[in-house]
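Structure below; questions to follow.
Chain lettering (A, B, C and D) follows the sequence in which the chains are written, and residue indices restart at 1 in each chain.
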Amino acid sequence: MKLQGIFVPIATPFDRDGELYRAKVKHNVEKWNQTSLAGYVVCGSTGESVMLTAEEKVQLWEWVGEYAAPDKVLIAGTGMESVRETVRLTQRAAELGYKAAMVRTPHYYKNLLHRGEAQAVYFRAVADQAKIPILIYNWPQATGVDIPAETVAELSHHPNIVGIKESSGSVEKVMQLVREVKPGFQVLVGSAPTLAPSLAVGAAGAVLAFANAAPYACITIWEAHRTRETEAALDWQQRIAHPARLVTVRYGVPGLKYAMDLMGYYGGPPRLPLTPPSPEAKREIEEAFRELRG
Amino acid sequence: MKLQGIFVPIATPFDRDGELYRAKVKHNVEKWNQTSLAGYVVCGSTGESVMLTAEEKVQLWEWVGEYAAPDKVLIAGTGMESVRETVRLTQRAAELGYKAAMVRTPHYYKNLLHRGEAQAVYFRAVADQAKIPILIYNWPQATGVDIPAETVAELSHHPNIVGIKESSGSVEKVMQLVREVKPGFQVLVGSAPTLAPSLAVGAAGAVLAFANAAPYACITIWEAHRTRETEAALDWQQRIAHPARLVTVRYGVPGLKYAMDLMGYYGGPPRLPLTPPSPEAKREIEEAFRELRG
Amino acid sequence: MKLQGIFVPIATPFDRDGELYRAKVKHNVEKWNQTSLAGYVVCGSTGESVMLTAEEKVQLWEWVGEYAAPDKVLIAGTGMESVRETVRLTQRAAELGYKAAMVRTPHYYKNLLHRGEAQAVYFRAVADQAKIPILIYNWPQATGVDIPAETVAELSHHPNIVGIKESSGSVEKVMQLVREVKPGFQVLVGSAPTLAPSLAVGAAGAVLAFANAAPYACITIWEAHRTRETEAALDWQQRIAHPARLVTVRYGVPGLKYAMDLMGYYGGPPRLPLTPPSPEAKREIEEAFRELRG
Amino acid sequence: MKLQGIFVPIATPFDRDGELYRAKVKHNVEKWNQTSLAGYVVCGSTGESVMLTAEEKVQLWEWVGEYAAPDKVLIAGTGMESVRETVRLTQRAAELGYKAAMVRTPHYYKNLLHRGEAQAVYFRAVADQAKIPILIYNWPQATGVDIPAETVAELSHHPNIVGIKESSGSVEKVMQLVREVKPGFQVLVGSAPTLAPSLAVGAAGAVLAFANAAPYACITIWEAHRTRETEAALDWQQRIAHPARLVTVRYGVPGLKYAMDLMGYYGGPPRLPLTPPSPEAKREIEEAFRELRG
């Protein structure tokens, strides 16, 4: 299983009442279908998966599966704290035709789960049972747990674990992963602010929240990288730096959804306790995206 | 609504297959019924709530409601990341006769949720809709978010928010809460290693994982406090310090469950990725509890 | 060697040019002489020791030695990163009649020095050579290193290490220290916001920056503790909580110096890069100390 | 003032008694003179500057000044917590012919100094008075303070602040610095494990502890970068990754000194409380450097 290029972890559209908004799922997916994005991750952190019930996740998988162009690789975000629930969701996604499951590191019981061995127990148990391949998903800024590179290296030998989405933003970690994992195991970077250098040091591709609003900028960096136009890649990297930080680190999913609204996608409201950006934040985002389109 | 004394956030019994184990729920609850514990918190962190489906939580609330002695106050752990799911679960608990809901601070999107205002948005929205009173639950060691005392002080004026379980272990935070909240708002401490000093500085009671295995030691400290036998309280505090740390900070829920097995309760296995303690950890726990019984 | 009661880690007076200000050292010390403070710590963190040359430290030790009332115990802050320089300064303090040396945990090379064994190497080497007894000084908020209680317990058996100033503010750490150290080893708490509960759980006394500006409030808590008037102690604790936080955690040494100016001591300017508090901060401090005086 | 290429922050040789070891300073410097290292930083963190007296620093500056080849740029590490002592040392270094001073961010009073404004106050005050240009030195892993990129951008407009040594290892921070500072302000990276990607994103050069033991490997990466042989640069980067981590993050200065001994330089013992690596650590270092030379 080959994962390359830019994936978008899609934001989940809600209507005014906070319900899933099917028409807007269709709108967004059909618009992304026209880009050369490699695929869609459905129910990741950007998709507010922690705000969704299991039933809603399944619903989203179905809809996106229906609307996605056939060349797009479909990946389901299925990670839960327990092995059993993660497996259950993964099997549902498999039945719906998803090609892989992206599974977040378990983390609530941090004092126990920060250790690599505990992470290995979890991922082995999930991968042993899952009917589709597993991608490890590491985002220490949200989980408070950073899966060690050595543990990932070890897990890369499991036949049903095929890659990692590494969202720490640490280029050194990406390098270490590239160096230590089994050949063929795919390191995808999950941080737009370090996209170009991560590709330069060997990442196979990326899963970028920022691509919800600005897929072309991300794809441009990817193409520049593929064709070894290093300076163009870095030049674009510097251009996206500010808007990417705004709608990831600084204003998070609500900021990203607002940027999507600006860029012709449907962002809409996040679920409470997330709230739309303040008027000042909106102005800041508007300006940053105006410059990006330049 | 008056919350005083020692509450136990009950561990969830699983059988060999990882299913809820009704007979053992009954066994444990009936044994705790014989103590002067003030009440039961069902589906808190100690109850592995992050490992349970919504259906399983409702099931547990029913069973405990059935087996609990009538003098025990029943509190349901209903916190989820989204306001809507938290409210939905809280209403279910209310229908089942639970007197209050303990609601964990939302925390996944830390960069946004570490701010007091975001926490206030969440708790106000939940409390406005909930049919039973809300207890804030703060455990920064797991969530990575520490709700500021000023925010709690502000929320203490909400008519449907009646207290906080403060599990940080910071006596200074407990003091600050006691000083700043509205009179009548109840500060319960959630850390056995600082029980006696927390009561000394004004906590109204405690919710203690450690009480699953050692209810009498906890109650003894509470009674010593009530009767102003400060030295006896501190003496017992020093006696529980080591075993309490072992089965909370050090070995977590799996360690606590093992200690329950030792003390005549059913602990049993945790859900994966949590795993039973190693043989050395077991010996350490055995020794610590042997000394406690002295 | 018996260390009990309230010690003040004296602020260092500088004149307009940033030079040591002898007349004000005299003024402050003679004013503190009239209180029942137990003694003076000269060149601790509050004394801006990291801003002083070795020559200036010796100068201050001489002056304070000259002005201090004979009943005040004199302690010199002599900690440097290297064992050799710490020993050299400690011998100078001993020659000047100081009764003990307070030695900060070394910490610059955190990746190595956060381990208890490295701390033990340091304190043993210093204590072996020092001509006067050593007090360990632990302030993780500044150093980024928290010496483990087990290491302190081990070091408490060294004949020339007589106590610790524990400034973390963790009451649990104080309890653990009291429980695990050799009888006679003295635990002094270095955090005014947790003074009363720390004394309640067994601290022998305290070294409090806050006592520079408000010695009577600190002594009152100490006396209430000694005479077992627990409620009076806690009541005063709640009264000092806000001003103590302002001039320690929030506005630091510059804030404390401003409070000293308000209370009839000489605070004066800190050394750059520390700068006097802003006008708003000054107003906040004024108000907090006005309330304290009632 | 142009700073380019690889600088070595030289380790300080001590003899058996812990005294400065002049003959070995000469030996090391003369050996480095034969490489194309760009220059020497004398009394940085790797030079155990926190273990040295002011007199010893001046002594080292003299000796290195005497032995250094004329084409090597000489930089003095002069940072102390106070502005006044930093300025005093900087003037001494200027008198001894040093071309620039590298000044560590002040950090002891973290609660105050973590703010960018406080850092700006310090660096402006130092740079206003210094007779030679100032390089900011940021190493948050040791200081616990991370100077914000915006503050550096602001300081880059000061006529006497010419660059920064950024040792956080964050490639994103390097990119942000490169993007935001005044043209001509030089960003040197201080982390061997991220050398190649940092150069790729625009760093002007590097100051690398690792270069004490392995100058050629570092220079090779620099030369590959200069000649746009990106793949060769990354290939070498992966080769140095493990040994570089061992003698920086993992075993620190004592590990580096041991590696220097292996590589024909004099490393010798560190000053207490630093201690030589354990036998296992030594074996690990030996193996890593054997492979490097491989």
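Criterion: a contact is a pair of C-beta atoms (placed from the backbone, for glycine too) under 8 Å apart; a residue touches a chain by one contact, two chains touch by 3 or more.
Keep in mind that this is a model prediction, so the values were computed, not measured.
Q: Compute the shortest path length in steps from subunit A to subunit C over the network of touching chains.
A: Minimum step count, subunit A to subunit C: 2.
Q: Common contacts of subunit A and subunit B?
A: none
Q: Write down the chain pair with more C-beta contact pairs when C-D is set against A-D.
A: C-D
Q: Could you classify the subunit B-subunit C contact as same or different, where same means more than half of all interface residue numbers appear on both copies?
A: same
Q: Distance between subunit B and subunit D based on Cα centroids, please, to the nearest Å.
A: Here the centre of subunit D sits 50 Å away from the centre of subunit B.
Q: List the centre-to-centre spacing of subunit A and subunit D in whole Å, with centres computed as mean CA coordinates.
A: 37
Q: Counting in whole Å, what is the centre-to-centre distance of subunit C and subunit D, each centre being its mean C-alpha position?
A: 34
Q: Where in subunit A do residues touch two or more other chains at once?
A: In subunit A, nothing touches at least two other chains.
Q: Sort the chain contact graph into one of these: line, ring, star, complete or other.
A: Its topology is that of a ring.
Q: So which chains end up touching which?
A: A-B, A-D, B-C, C-D
Q: Taking the touch rule as given, give the residues of subunit D at its contact with subunit C in the complex, in rising order.
A: Answer in residue numbers: 18, 45, 50-51, 53-54, 81-85, 106, 108-113, 118-119, 121-122, 125, 141-142, 144, 249-254, 271-275.
Q: Report the residues of subunit D in contact with subunit A in the complex, numbered from low to high.
A: Within the complex, subunit D contacts subunit A at residues 169-172, 175-176, 178-179, 191, 193-194, 196-197, 200-202, 230, 234, 237-238, 241.
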